[in-house]
Amino acid sequence: MSALLKIDGLKKRFGGNEAVSNVSFEVNAGECVVLAGDNGAGKSTVIKMISGVYQPTAGKVWMNGELLTGKTPEAVRSAGIETIYQDLALADNLDPGLNLYLGRERTRKVLGLPFLDRKTMREDAVEVMKSLGITVPDPTAPVREMSGGQRQAIAIARAIHWQAGLVIMDEPTAALGVPEQREVMALIERLKKKGVGIILISHNLPDIFAASDRIIVLARGIVAGERRPAETNDEEIVRMMMGATL
Amino acid sequence: MSALLKIDGLKKRFGGNEAVSNVSFEVNAGECVVLAGDNGAGKSTVIKMISGVYQPTAGKVWMNGELLTGKTPEAVRSAGIETIYQDLALADNLDPGLNLYLGRERTRKVLGLPFLDRKTMREDAVEVMKSLGITVPDPTAPVREMSGGQRQAIAIARAIHWQAGLVIMDEPTAALGVPEQREVMALIERLKKKGVGIILISHNLPDIFAASDRIIVLARGIVAGERRPAETNDEEIVRMMMGATL
Amino acid sequence: QEDFTITLVPGLTTDAFYITMNRGAQAAAEALGITVDFQGAEEFDPVLQTPVLDAVIGRGPDAILVAPTDSTQMIEPLRRAADAGIPVITVDTFIDDGKYQDGAGDGDFPLSYIASDNIGGGRMAARSMAEAIGGKGKVYVSNVRPGISTTDQREEGFKAEMAENYPDIEVLETQYNENDASLAASQFQAVLARNPDIAGVFGANLFSALGAGNGVESAGKAEDVTVIAFDAPSSIVNNISSGLVDAAIAQHPAEIGYYGVMTAYAALTGQSVPTSIGTGFTVINADNVNDDEIAKFIYAE
Amino acid sequence: MRSLFNAWSWLFLILILGFFEIYAQTQTGSTFLFRIYNLQSISVAASQILLLALGLTLVIVAGHIDLSIAFSTGFAAVIMAMIIRAAGPDAGWLIVLLAMGAGILAAAMVGLVNGWLVALLNVPSFIGTLGTYGIARGVALIAAGGATVSIRNDHARAFGNGTILGLPIPLVTAAILALACHYLLKHTRFGVHTYALGANRASVERAGVDVKKHLILLFLLSAITAGIGGLIYTSRFSAGAANAGEPILLYAVAAVFIGGASLTGGQGTITGTVIGAFIIAVIQFGLVFCGLPPYWQFVAVGLVIIVAVLVDQSKDRIVGGRS
Amino acid sequence: MRSLFNAWSWLFLILILGFFEIYAQTQTGSTFLFRIYNLQSISVAASQILLLALGLTLVIVAGHIDLSIAFSTGFAAVIMAMIIRAAGPDAGWLIVLLAMGAGILAAAMVGLVNGWLVALLNVPSFIGTLGTYGIARGVALIAAGGATVSIRNDHARAFGNGTILGLPIPLVTAAILALACHYLLKHTRFGVHTYALGANRASVERAGVDVKKHLILLFLLSAITAGIGGLIYTSRFSAGAANAGEPILLYAVAAVFIGGASLTGGQGTITGTVIGAFIIAVIQFGLVFCGLPPYWQFVAVGLVIIVAVLVDQSKDRIVGGRS
């Protein structure tokens, strides 16, 4: 079986600072790969190069054998990759429904003209968020007025609402409450069962060990090592993060 | 001994939604009070009413017996309360040094005129961040260009750099790596030893139990209960968060 | 025969009056075999005219023909030209008191002033108006904005003539339209709503008159309300033909330009020149608008 | 509750109208509001402002600005007039329509250049459209030979000054365009993306929207509505002037801001802009109607603009929004 | 590396100057750059733009805008002229200084109203200052009785047209103010707060800065520098005109944006604004100097403004900033 996502030699330089160097790995269908690493290790930069937000300084990305490098976030999204960004990337002045459907809004025809179907989109948002254990007091309010966890839930909802082949999650549970974190872990399991590939970034060691099929550790922009969760332990992973290439 | 901070009957209404009702508690010097609660429970709203960002719909706050309600964030800060906000509240176009000192910038006199001492401020920022285990590749870069964890470290640095009587931390470790989280926990211990009062908001149960002297659980805007960590356990706290008033 | 370069600095470059003046100047240049440049600012304003004038002086033409945008404010900038040894002749407008070379005043240095004065034109407009409305009724001036000396003078002359000779004509408040014909139209209609018996409007420049004419037309008052326009570009002349505008006071900008260049040339070749040359006005109305005699006074487009 | 928000500007407009009505009743014994004639004049003036403000609203909601419309209007007006003039005095409907098409095309070219500069070359819109403001102005003046291009054409004149069912054609045109823009901004995906763009460009970009194309379309739209304003101008005044739009630019921008838009983008509605344009047109008309001396009119217009926004603000305090 | 950034606008300014020098050398056989007269004229024109642009830069960095400076300038100019005129033809230095103080005071009042509207009443700055634009205009015209107030005073005239060490006094004034504003924006706490305010109002507010006071000071500063522009105007032209600032407003705003500021705030420098003002003054002078026909000048100025920003942009691509 060829890999779902293949990354080869990714590098990103910001001005004089090489944030990511020579990162290569693969993700298979139904597999959850965790990208672990200390703050500033380059994890978010790697996933932004995959999702098309950054153009890599060098290196290539393929999805299902098709070259993604150089494509826009639009093209990457249509290739079946959904991303939860660390900064959430919400449109603060829109309600959860419109954020959920942003770029793929639902319309209904009235006299032959397409009109936005705000109501349906809003109801869908409420429902998807409820499946994550989150309710918002006023679903017509702009997301600017929502709590940190409510906002994160919307970003998660947006990524899982579509039939993606690969879901990238950059610290998806950082702002979530305990039960909601559990919901997201369960969700990852369900997605894996459906054959969806997952790249998860997390600083939570129990979560990392629970969810991952493979752990790739980044340290100062380079791959410090790769482990299967069964073959390693907390201590080793933390040591690798600190830059001890083993 | 009278309390360091006293909160009585705080209430906040947003439009038709009562986000916080009748919240009262006290914090003593050298004590760490954890505010726990599910997403949207009203934790951030409570601390914003303390720090002067929101004016409460009803209720009062005293610091060392002095009434704070109705005061500006400026006055609250000078009364000795430092706050780490969940949204960090950084000025994205400034470097870490200026963010660290924002509102209290250091200057040196040149020919009798005060000039910003950018260099010293920057060095201080690098040092305080290092004490949290974080280094930034280019300390002259605006914080816009920093990773999620680096940004959070700056927000933490800003709050602990001043001799505050009370430090409020709204999910301070959400974006931090494992070693940095440990640093922050150690920091909280050090602050407590110095007699600083702390209000901590966190979704991380082990952290909550490790740091807290008392746990106050909010559920849907009201205090669901108060426990000492020794008297309770994970399960009970989670149940209280879910709204079971015990 | 020497090859002189003369620069004509108009009050603004985007006005049919000055464009026509340039035509006349070019005709004279051709006849004399010399060069005339046309350089000016986009609006009738001293702050904008001064840098242009400074640059023109920097370029160093043999003489400058200029329509100063303010009689006081342009004295200092023009003095720099005189100081640099460049003869200055003012056209259309003047500096100081407009009386040059008589040893009096700060702005005495220009050689000559060639124009049809705007105050006189305003008076002529007032007379045409009075005649058309039978010497009594309410009229008002539709003007661009306060502070533009040419249009202010037209208004001044208009009001002075009315006050002196037509006691039965009431001149209402002036309305300023910022050169926006649409606003001028709306203002006319508001004045009409307030004064249903309004008898006439004096449009102090092209857009004021166009707007007033349109307002009159929309109100269906073309029969009852007299519109007098100042300046005669063909859009106004069209309106005269169609009856929306009753008369236009045409200055003779081509003549001004022509005589301006001739005067400068005479001065440059050492002949003495008169300190002031007056050019006339022509009143264009429905009776004479199709005369060939009159056609030459219609401004260039 | 949220849909109530706009009501406050309406309220203010009604307040002004009420003020003028009372003035008219007590001072002149006549009516201000219930005269078709007054309403027609005000609505035509408002239409001319609106035609510049409609497309601009979308541009401002997206967090940009378009100064070049000041001369896209003039460019379209001049081109239309030149073609009709070239066709001679007896030019028929077809020629007039053709001339209008050409005028819109001319304006659209300005819009395309703006879009290219802002979307593809990342030039800040203020400075990019200030550049094309100069260029469009120069080109229009060169085309017109500096002066206005006068025409004599009854079809054009009928278009600019006629009525349909008693409604002035400029008003009907502006109303149709306002409806179209309202539909676009409020009810289509294009509209949502425009709002999102104004709040957080990254959000739309990462959501897979082609932001560059979107920006180009926005500037095109803005140039085209302004261009239509130029067609109306030429038709109304039987003359195409390069300066046609320039004096209206500031009022158009003001209408958009009175209507609730903000410099930083993400806010604003077409209904708000329509109310804004009418507020401006009503006070301009009403102050003359009241006989306020001209310099005092400047002061009064300034005051009304400020109060219009204050009234709009006070809704937050009363309904109880942010702290 | 970061301090290199500004160098690109400098480069462009030098490029334009080089172009005009080559033109002058080849076409007229003389020099463009090395003539004191040319440099003086350009620098005085740039100074008049700068005096409106300096305070405005700080306002724009803070994420706001101030349109009223167009008439704060005129208001100050008129008030100064009226006092000198009232004092009669022999008014001495003291009276002139007093008149200048009064002019600045008049402008400051406009600034205070702006600050009050924006800081305390939360009126968006675009609309608030558009309102005071109208009010200041009306009041200045009423004060001046509609016309320009001409004066004859040798002290004032010397101030407007004299030189110090061969440098025109308007340039010296603008240079001193530019230095002061540069110091304020770059080297003081006030400046840092201004940048932070433009990026994220909450950040400064929560850091304990009195944002309302800060905003009031910003608008005051902007009104005062514009007012000083009015004093220079009255002195240069021996007349106070209510319209003194209006025609240069757009150039002043353009200078700020050419200098690297953005509509959304948080960016911009005084050095950038100074270069922007000089770029505008140089091309306006240079194009006339080259004898380019007037309408082509509009086109050329538009192009240069766009290219100036493109050059500034290209640094990011070459030095390698964002992707």
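Here the chain labels run A, B, C, D and E in written order, and each chain numbers its own residues starting at 1.
The definition used in the following text is that a contact is a pair of C-beta atoms (placed from the backbone, for glycine too) under 8 Å apart; a residue touches a chain by one contact, two chains touch by 3 or more.
Since we're looking at a predicted model, the values are computed, not measured.
**Q** Along touching chains only, what is the step distance from chain B to chain C?
**A** The distance in steps between these two chains is 2.
**Q** Centre to centre, using CA atoms, which chain is the farthest one from chain D?
**A** Max centre-to-centre separation from chain D belongs to B.
**Q** Could you give the separation in Å between the centres of chain D and chain E, each centre being the mean of its C-alpha atoms?
**A** Distance between chain centres, rounded to whole Å: 29 Å.
**Q** From the C-alpha centre of chain C to that of chain D, how far is it in Å?
**A** 32
**Q** Express in whole angstrom the distance between the two chain centres, defined as the mean CA positions of chain B and chain D.
**A** Between these chains, centre-to-centre, one finds 48 Å.
**Q** Do you know which chain E residues sit against two or more other chains?
**A** Where chain E meets two or more other chains at a single residue, that happens at 141, 146, 295, 298.
**Q** Tell me, which residues of chain A touch at least two other chains?
**A** Residues 15-16, 53, 87.
**Q** Can you pull out the residues of chain C that are in contact with at least two other chains?
**A** 13, 146
**Q** Provide the residue numbers of chain D that touch chain A in the complex, in ascending order.
**A** 2, 183, 186-189, 191-193, 195-196, 198-200, 202-210, 266-267
**Q** Over in the complex, which chain A residues touch chain B? Could you list them?
**A** These residues of chain A touch chain B: 14-17, 19, 37-41, 44, 86-87, 134-138, 145-150, 153, 171, 174-181, 203, 205, 238, 241-242.
**Q** How about chain E: which of its residues touch chain D in the complex?
**A** 63-65, 117, 121-128, 130-139, 141-142, 146, 250, 253-254, 257-258, 262-265, 295-303, 305-306, 309-310, 313
**Q** What residues of chain B sit close enough to touch chain E in their complex?
**A** 51, 53, 72-78, 83, 85, 87, 89-94, 98-99, 102-105, 107, 113-116, 140
**Q** Show me the residue ranges of chain D that touch chain C in the complex, using the header's touch definition.
**A** Against chain C, chain D makes touches at 28, 32, 35, 37-38, 40-42, 44-45, 48, 141, 144-152, 161, 168, 233, 236-239, 241-244, 246-248, 281, 284-291, 293-295, 297.
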